[in-house]
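Before we start, here is the structure in question, set down as structure tokens.
Naming follows writing order (A, B, C, D and E), and every chain is counted from residue 1.
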Amino acid sequence: MNNKLGVYICHCGGNISDYVDVAKVKQSVAAEEEVFLAKTTMFACSDSTQKEMIEDIVANELDGVVVASCSPKLHLLTFRAVAERAGLNKYNYVHANIREQASWAHSDDKSGATAKAINIVKAAIKKVRFAEPLTPIRIPTINSVAVVGGGLAGMRAALELSSLGTRVYLIEREHFVGGRVSQWDSLFTTGETGKELITRLYNELTEQKNITLLTGAEVTGFSGSIGDFSLKVRITPRYISGKCNPGELKKAIEVCPVGVADDFNFGLTVRKAIYHNFPGEYPQAPVVDLSNCNRCGACEKICGNIDFSQKEEVIEIRTGSILVATGFDPYTPADGEFGYRTCDNVVTLPQFKRLIDMGEKMLIFKGREIRNIAYIYCVGSRQAEGENKYCSRYCCTSTIYESITVKKKFGNIHNFHFTRGIRTYGKQEILYDESSRQGDIYLQSYEDDPPAVTGRNGKAVVTINDILTGKRELEVEADLVVLVTGMVPRNDNPVGSLFKLPKGRDRFFNEIHMKLRPVETVIDGITIAGACQGPKNIMESVNSALSAAVKSYSYVSKAEMELEPVVALIDRDLCSWCGACTSACPFEAIRKENESGKPVAAINNSVCKGCGMCLPVCPVNAIDLITYSDREIESMIDALA
Amino acid sequence: MAVVNPSFGEELKKYGAVDFNACYNCGNCTAVCSLSTEKDSFPREMIRFSVVGLEDDIKSSLKPWLCYYCGECTTHCPRTAYPGELMMSLRRWLTSVYDWTGLSGLLYRSLPFSILAFALTTLAALALSLGLKTDLPAAMHYGHMFEALAITGVFAAILVPNIVRMWWLVIIRPGKKVPVANYFTGIGELFVHMFTQKRILGCDENRLRWFEHFLLVIGYLGLLFTTVVLDWFSNTSLLVTGFGYLLSILVFSITMIFISERFRKNKESNRLSRPSDWFFVIWLFLMGVSAFLVRVFLDLGILANNQWIYFLHLTILVQWALIIVPFGKWTHFLYRSFAIYFNRILAEIPDK
Amino acid sequence: MEIEKGKTYKYLREKREVTEAKENLKRFNQVRKLILDALKENDLTVDQLSLKVDMSKDEVVYWLMSLIKFGYVQTGSLDDMDEYFSYKLKK
Amino acid sequence: MGDSGKKNARILVFSTEKISDPAIDMAGLLKLHYPPTVFTIQVPCSSGVKPKWIMLAFEKGFDGVFIAADGSDCPYGESCTEKTGQIVTRTHEMMKVKSIEPARLRMAAICSVCSEAFVKQMKTFNEKLLKMQYA
Amino acid sequence: MGEKMKEASYDVLVIGGGIAGGEAALNLANNGLTVLIVEKDLSVGGKMILLSKVFPTLDCSACITTPKISEIARHRNITIFTGSEVRKIRKKNENDFEADLIRHPRYVDAEKCTGCQLCEEACPVVVPDGYQFNLVGRKAAFIPFSIANPRAAAIDIESCTLCGACEKACPPGCIDFTQEPEEYHIKVRSVIIATGFRLFDPLLIPRYGYGLHKNIITSMQMERQLAPTRPFNTILRPGDGKVPCKIAYVLCSGSRDASVGNPVCSQICCMYSIKQAQLLMGALPMADVTIYYLNIRSFGKGFEEFYEQAKGMGVSFVKGKIGKISENPNGDLLLRYEDINENRVKEKVHDMVVLSVGIVANRDVSSFFGEGLLKLDPYNFVSQPDQLLRPAKTSIDGVFVAGTASGPMDIPDSILSSGSASAETISYIIGRNE
């Protein structure tokens, strides 16, 4: 029982004190008998206040501390560390959230907010009164990281982790690595092609001994916690063994009678059921797509390496940390959205990029040469009506770059950009300048008055009330309309729900803190990188991949890790073994033990996650959760009431 | 509904427009322009029309003529899109639109054609001078007659029809309903602007620029009056002689300043000079100088032995009267005055 | 030179020229006196102070805010238009 | 009691550290207002709330208790919703014995960004309780 | 000189102790490397620590920066030199750099200083406070700002009259005028450049009249006025102390503007202006806030929603670049612009104008290395020769770049870029392939 407490009430600049009368809070809580000293402070988290707290704790031999400030998600650890530095057990610190849950939530009601803050602080005082000194649980960590997603971000992260000296499992769902980037040709800013980048990465990857690359591999099971996760990975075989004779293989592909829309070219072309993504793909081995194969056996007759006897297998990977880099999907416009699928010559930006790559001397679509191209921006982004409120960030620059590329490659092309205001942030602005100087025409409308696409004589006519020309109605007769589609979260991404990764309002995976902790997640040990966290360009994806790599590395680089000692505790005197707790536990952390002949429940501390599911099921109330014990919770209820 | 026409921009480049495609429509040019008003906002609108190729809207617009090219818009353009030069090019383009003969456009677009025109007129003048070589007084008589004839001829055949075309393009074709009385009440504006060019005063802080232009207009028109009406070269009145001297000195000294400024490229307005700009100042200078010398030779009594100076003057005169006045930059002086007049007339009819 | 502890400023005086800094100090002391004297009789707004002490308004704001920061002056009431504060001496 | 002088019901919310509490924090961040007589106690998982705590809350004078459950987002497994539901059922039985109206205990899944949903819940729950003439 | 040089060695030298340098240092230190941060200023935390709140979360900037900063300051693998500058860096070999540093005297023993501020009270001199962007005065003996780290006094020797009042007042006797510049000779294995950015100087746009018209301030000055440790107790216009009620934001003041030598978009101004507008609407409920913009670039996570939120709160957005600003006799400002939506020139009166100044490169950095060794891009930011796959790599092997030293970016992008630089640094030191 702690009886000599220190309480600090933070102004948080004005975030708290503008709405909560902090002096009054101090006065009220100072009257509590356990409180030895109560202070207000401008910034509790500032170094000088931290120093002051330490001095107070040491000088007055305080046995418990409460800081009433912002959400514990931000500063719980900060003040625990303060307590620790002052020689206090860090669990004798309790955090009271009077910002998010008092001053801000009730900024419309100052006296209400103040009254609430007083109760909150009092409850925290009660909690710390019963707090026990605890020692963290130490667990050994496995020095390896599983990188989920073998696109650019995943590959880059894997490479970095491996050179940091960590064992890496790179898990790619497709049979080829490189993700979206391998589909792009020339790239801003360096002019390298996507394939070149992926080749560089792949070559470096294969030189590393400590990287295991798994393709056709999907994560299907997940358990464990930071330091020791366990993943079940289902591997779909290629149905081709060894290295094929190139000539035979070519023929085998030719004879395959099945035609499937080729995802690599976003459905612009057709591929066979046995296929390559592109010449020189990685790994350089074709695949039989069994879901579309009709088992005619024609290919088998030509190439002996084709082997339908290969079986799916499920392997288990144990790893200390997981880095998620599952990427994005390009937005798919609805049928009829700006003429998509209803007007003949409307494509999406990714399709357009493939068209440029595939065109040789002329830009050809559906057998016709393209001269006039209309780009319609913000398709699937910044939606006034739809659910994608966000800006996809990369598309303005990407489109402008393609408009320059297409003109350079094929000449004699007119580009018309139907924008919602160009967002070439940073140095990308120079590209916008370059494209307008080459004669590209930019038109603009707002979200409430988008351009319209109609078909006329085999061409697409785009009309707009151009705000740059005094809202005049202007029209362009285009040979091709490119819908500048943004990024959306992958819709078939089981990894998110498997790992229980929280998502933001935009449905991308959410980081812990948008500003200062952009790659960590609330699931300890799991980091996120690249476009699965939100739209990004290549450089930004790589930066986030490397940041995630260094965070994951710091989880696993030490042999041991500390875990919160929040586990269930059995009162063996009360327990009379009924087994209800065992069946309630989702982690198999409770087993039956014999205590001097009496069967009782026992907790396996390294497996117990501290969820508390066993607590309410106990018929004799023999289970407490450490730091959430009856007397802690009940005294808090008392203080709040 | 208007169709976006990128080829119009290509056409404008032949008239000297550069990099206006770089415009990102911030409107800074319009905001820094001190002649731009809420009713007549430019140059951005003109740049925009040029980029998207709204040819008809430019044809019916008077805004290009409201600009006096102080260059502030270009100096402060965040995209270095040379808005001032675009306005200048639009003036050239409009000149060729107004001109029914089509020669104006040819001269602007093609330097070889301009040179050819100058060469042909030189030959014609030379032929004339060879034919009259021995008889200076006759030559001077014909020269004087040519001046008067050329002025009336050029005005009647070319300039007046072109002004009518301009009027048709900006007032009649767009369907503006202008009460006839307005034409009379506004007429003062036409002459005030023609003789004083006072709009320049609103242009920038530099009053000297207006004063130079004012002196040049006075000098030029005065010299025209002195030579054509008062027959300066034959007039014996001391007053007229002295007046003529003063005016010709005014013309060539101010044009001298203009030429040297064009050489030094000291302002936005002369950084991107086109041949038509050079021809205009140089020929005006030559006219002043040669007229001055003819009179000096006359007064010194050495003209008879140096007839070439008169024939040189005559050649320059012919070129000036047949090329630069009807088709060249001289017309800007006229169209601009009319533009301000029309604008005044239009300003009086209420907005729809 | 012997450096006496607690009087090290004397040591640096030998080495540094402080005329400009002293001018600056003099200016501050003058301004402080002017403003504090002006505020003795009644509370004033920046505008009124500017007239009374014959100093540009922006300078008055700067010095006034500094005097508030260092505890000589405090902010008084806001005028009826909610535009200008008056300032008064700190008791 | 607020500035308006309006009386509000006292509501105790059991929120969960990783899922519903962040949503409640975000409600504050977005300055979405709800009655200041709503108090939260954070637990790791909503399926770990003991019925006796809820009963104690009523005993100590709370007008309503709200369990901001993890729902399907629960990091501890899918059984969470079902288990939390069982807790509510059991507590309702205990409430019946003490003649406490069952409507005074509510439960709803609040996801980590369901700030608006949370605020709406609090407002309607408050009104309901006021109508029932608690508080 | 040479013999007085102090020597030391660390794994990594981080130049710049802002949020980018700090984050990089923490990543390195948490993975066992020793780091020296050299910070020119008297406090670490860079520009972020001086901001009011951050977009789009509206977290108090100081609140989220200070814990990070104190973590850095406390870390046993991190040494910080404040008030110090790099003079020269030589690369001897792979994993072998030598750096000459100079530590300017603070005239205060920072270790002993308790931050009691008695010296500040005693000091008679008042000079403009640079940390408040000259909106208010400070003493010549001063603590840089209330949440500075280290929170220790310093003497501004240029303004000091050497009266000795502070020295007499200091209880622990930590003021020491005998301090001399100290030179250090440091050996490190790798270098991270995190020198940040400079703000565009609005005096370069004379037609805006900054400096001349006193009610025009920069966005950084507004940032200070909105911060918890603000210079005035409320928001006032500095020309005459009026509580402003019609505030204008002039976006692209010195960005996207080749005529002032900076054609690049500064990437953050739209968002910080929208943020300030929201904060102003909160602080001055009666005020009108108008943002004059070219294009609103709310491209990051949650940014577009934040922009919509501002529109919903009643912030006016007007498309058009401000051409000229002139002053009325009452101190109000007349803004001339073309309203692009209406296609005509307009003039509007505001009583306070905030110039949303852009980011420009901090050019000192190239002089640290030998002539031309550290390549810069055309805008004088540190060039990234392998921008797509190794964004942190510079033209010198073993020297990495973090944060805005390589171009404009916001806080999360700086943090990511620091993560990238620290990852590269660790693998460089561990001995990656090259």
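Here is the rule we use: contacts are C-beta pairs under 8 Å (C-beta built on N, C-alpha and C of every residue); 3 or more make two chains touch, one makes a residue touch a chain.
This structure is a prediction, so every number in the text was calculated from the model and none was measured.
Enquirer: Any chance you could check whether A-E or C-E wins on number of contacting C-beta pairs?
Expert: A-E
Enquirer: Which chain is most central here if centres come from C-alpha coordinates alone?
Expert: Going by the distance between chain centres and the overall C-alpha centre, it is E.
Enquirer: As a test of understanding: of all chains, whose mean C-alpha position lies farthest from that of chain B?
Expert: Chain D.
Enquirer: From the C-alpha centre of chain A to that of chain D, how far is it in Å?
Expert: 29
Enquirer: Can you work out the whole-Å distance between the CA centroids of chain B and chain E?
Expert: Chain centroid spacing, chain B to chain E, equals 54 Å.
Enquirer: How far is the middle of chain A from the middle of chain B, if each middle is the mean of its Cα atoms, in Å?
Expert: 66
Enquirer: Going through chain D residue by residue, note those that touch at least 2 other chains and give them in order.
Expert: 29 - these are the residues of chain D that touch more than one other chain.
Enquirer: Among the residues of chain B, which ones contact at least 2 other chains?
Expert: Residues 24-25, 45, 79.
Enquirer: For chain E, write out the residues touching at least two other chains, lowest number first.
Expert: Within chain E, residues 57, 256, 263, 340, 343 contact more than one other chain.
Enquirer: Using the touch definition up top, name the residues of chain A that touch chain D in the complex.
Expert: Against chain D, the touching part of chain A is residues 71-73, 97, 99-113, 115-116, 119-120, 123, 500, 502-505, 510, 522-523, 566, 584, 586-587, 609-616, 621, 625, 628, 630, 633-634, 636-638, 640-641.
Enquirer: Where on chain E does chain B make contact in their complex?
Expert: 207, 252, 256-260, 263, 294, 320-324, 336-340, 343-346
Enquirer: Considering the complex alone, what residue numbers of chain E touch chain A?
Expert: Its residues touching chain A are 19, 23, 27, 30-32, 54, 56-57, 59-60, 62-64, 66-71, 73, 115, 146-147, 149-151, 227-229, 256, 263-267, 295-305, 308, 319, 340-343, 377, 379, 381, 386-392, 407-409, 411-413, 415-420, 422-424, 426-427, 430, 432-433.
Enquirer: How about chain E: which of its residues touch chain C in the complex?
Expert: Chain E residues touching chain C: 124-128, 135-140, 157-164, 167-168, 173, 175-178, 214, 231-234, 236, 238-243, 245, 286, 331.
Enquirer: Flag every residue of chain A that touches chain E in the complex, lowest number first.
Expert: Residues in contact with chain E: 11-15, 42-43, 45-48, 50, 70, 74-75, 78, 156, 160, 163-165, 187, 189-190, 192, 197, 200-201, 204, 207, 382, 389-391, 393, 421-430, 433, 467-471, 504-506, 508, 513-519, 533-534, 538-540, 542-544, 546-551, 553-554, 557.
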